[in-house]
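Quick one: structure below, then a few questions.
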Amino acid sequence: MPEYSVPRRVAAEALGTAFLVATVVGSGIMAETLTPDKAVALLGNTLPTGAILVVLITILAPISGAHFNPAVTLVFTVLRQLPMSLAGLYIVAQTLGGIAGTVTAHAMFGQSFVQASTHIRTGGAQWFSEGVATFGLVAVILAGVRFERKAVPWLVGLYITAAYWFTASTSFANPAVAVARSLSNTFSGIRPADLPGFIVAELAGALVAAGTMSWLLSPASTVAHTERAAP
Amino acid sequence: MPEYSVPRRVAAEALGTAFLVATVVGSGIMAETLTPDKAVALLGNTLPTGAILVVLITILAPISGAHFNPAVTLVFTVLRQLPMSLAGLYIVAQTLGGIAGTVTAHAMFGQSFVQASTHIRTGGAQWFSEGVATFGLVAVILAGVRFERKAVPWLVGLYITAAYWFTASTSFANPAVAVARSLSNTFSGIRPADLPGFIVAELAGALVAAGTMSWLLSPASTVAHTERAAP
Amino acid sequence: MPEYSVPRRVAAEALGTAFLVATVVGSGIMAETLTPDKAVALLGNTLPTGAILVVLITILAPISGAHFNPAVTLVFTVLRQLPMSLAGLYIVAQTLGGIAGTVTAHAMFGQSFVQASTHIRTGGAQWFSEGVATFGLVAVILAGVRFERKAVPWLVGLYITAAYWFTASTSFANPAVAVARSLSNTFSGIRPADLPGFIVAELAGALVAAGTMSWLLSPASTVAHTERAAP
Amino acid sequence: MPEYSVPRRVAAEALGTAFLVATVVGSGIMAETLTPDKAVALLGNTLPTGAILVVLITILAPISGAHFNPAVTLVFTVLRQLPMSLAGLYIVAQTLGGIAGTVTAHAMFGQSFVQASTHIRTGGAQWFSEGVATFGLVAVILAGVRFERKAVPWLVGLYITAAYWFTASTSFANPAVAVARSLSNTFSGIRPADLPGFIVAELAGALVAAGTMSWLLSPASTVAHTERAAP
């Protein structure tokens, strides 16, 4: 597989996160405009988000790895699959790209570009939800990369489709997306003051998943091999 | 394909069943909270369940086979594809994992961890539904493994998506999940007293499917081969 | 690929059509019971039907070809890809299997096993809809088999998902399924008196598609080859 | 891969665009007839459109490339992957096919064949939406063709599924489809007077995407190769 230059990799992270956030925020605005039924609105928010994740990861993973998520970038850095210097650039690109996504969504719907969300999302149940959501996301990515790399775009899209519904927080599971959503006072927003709790829970869930999967994914036969190889 | 150790296999069954039940129960709570329309709620329960099944089977099948279901484990044991001792461990792991999934869902939604369901699901039509649902599930798995092993995660996810709607019982089709759902007095619960009827019907459907598919999946050419091989 | 015996092929056609009809009829009953919104009900009828088609075609095509549809069987017979004698058995199996599917759905929902539908579906617009729907179905199958055989289950499932909505008749596109649905006085039923119009339109659409695709799918390079081969 | 003759390629473009528009317009009519909830209606319009795109691109791409869209044809012409003469024929076929699709949908629903839409879609936010929508569509196609050609039908179907919701214009992203939709005074229509704004925005978005992706998709290793090859 060809290597892509750092500017292109960083651009891919920014562009992907921008489209992801534009989809989350934009479909949320569309949905709450069209229906009073909050479950129908969440369906109208879920399907586009799952769908665009499959698309964005498929087309940008060959360039940048398609993290679009500082928690994922952190895990790959901890697992020494991404150099620290590049990780920093990725996280900046994801954050700025995410904000650009919110602004783009607002512009498409004729709203003021930047807003402060008043959507309260805090408390232990919400934080536990974000921890579980990000644990699952990272577990899916690590096992997916190991066993079925070509399916990873689908696995992530389907996992988030499920996690929108099975967590009480609708599964942000992404610090850059959380920051970007704090700038939208619409369906998918989050109050800026509630960001720290979400981000800490997400990073904790990601690191627990990295540890758990490191154990779970070690095959017995490797051990056996090593043992057999010994004299 | 590498072999995984027994503790990892058992952990994969527990983790997978936990995430499956957390999705079923959690999305049920989310759905009934958001809408008065019961069909919209069932959509909000169906899509996450189908989606997470594709994900969980893809990422855990290489480790444990991804049964997450005592009826499936029973069938593979009867077909001598799983040793009896391991089957026992699997079923314990599935049951405990399932209960952990219910507790996790309740914790995410700020509810008391364990509840006794009052959702009545009993009678001949319900039992027949569970029998048909599990017959279909096992038939899909056995034929899928035979003809298109890589598609099995999709086949199971799509089958359950359909079975939520075409059976009167919304297709539990899984004794461990049924037990776990009896501990949640929410959308997806089942009264503990109604468990025996469901479990018997599920196991019966599974065994009928194992017999039916053993016949249906034997190709004529194997017979021909044997006959030609005879002197 | 191994060959399957005639009894197994016929059984596969019956079993597949039974599950298909049980899904169509059963999900229709579930949907209309749960919601007063007819579009939500149609979503709850569409998703299971599309999903089960992907599953059934994947697992039964290696045995029988997975027609489940006399119009499809007719096309393959006309194109000399299925002997006439087998075609007759297929159509009988599809029809009886479909009726068994209706009875199964009714039994699962505690309804009387056989009912006469009073759902009126007649007139030029409905017939034209059925013609277009079956034209499209056969075109999709013939081109899919030619270009991307492994994708055919998905193509048919997705096509029917679309056709439920873009035709005024919700796209029966299948004479055996139409007969089976005439025995259910529920959401997905059709008045027995309206069957002939539907069946004629479906067969006409199928044959037009067979002709059109025979032309469209002939590559220019074959012609060129033949011409080059001439002295 | 065999080559197809020009008449077949042009017929494939016309047939594909006709089915695409019949799906968009037909499912819109079905949806708005069945429900007063506009988000449910949009779901009933989105799912069929996404599904039929996967199907049509899979079965017709081997014949014509499956553009169904003058903006896409323009991009491939600018990138010198399609001769100008053929591009002209494609655009005529797409436009006439699209109109035939509208007429077919109207006939299936018993409506007058051609109507003038009164659905107002104009202004900066709408135009910006169309620009973003078409930028994304072309970016997805160009990167998909580069990295994962077999997945392109899915990528386009999923992208449009998302774009129906995340843009304020429900993402026409296609001048031929826009023209065809101007002839339907139903859910998915557009006032003829609003066509120029949409078409200009779509073509602008497409060209910006072509430029952006030309840069983004150039791998560093190609450059390195060239440099290493130099003496």
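Worth pointing out:
Read from first to last, the chains carry the letters A, B, C and D; within each, the first residue is number 1.
Please note the rule applied: a residue touches a chain if its C-beta (ideal position, glycine included) is under 8 Å from a C-beta of that chain, and two chains touch if they have at least 3 such contacts.
These numbers were taken from a predicted model, which means no experiment stands behind them.
For the self-contact between chain B and chain C, the two sides draw on mostly distinct residue numbers; the shared fraction is below half. The angle of the rotation superposing chain C on chain D, based on CA atoms and rounded to the nearest 5, is 90 degrees. With respect to chain C, maximal separation of chain centres occurs for A (centres as means of Cα atoms). One inter-chain figure worth recording: chain A and chain D are separated by 28 Å, centre to centre, where each centre is the mean of the chain's CA atoms.
Taking the mean of the C-alpha atoms as each chain's centre, chain B and chain D sit 40 Å apart.
For chain C, residues touching at least two other chains, in rising order: 37, 40, 43. Chain contacts here close into one cycle, and each chain has exactly two touching partners. Chain pairs that touch one another, listed by label: A-B, A-D, B-C, C-D.
Those residues of chain B lying in contact with chain C across their complex are 37-40, 42-43, 46, 50, 123-125, 128-129, 132, 136, 139-140, 143-144, 147-148, 151, 154-155, 158-159, 161-169, 215-224. Interface of chain A with chain D (complex): residues 2-5, 8, 11-12, 15, 19, 22-23, 25-27, 30-31, 34-35, 37, 40-41, 43-45, 47-49, 51-52, 54-55, 58-60, 62-63, 104-105, 107-110, 157.
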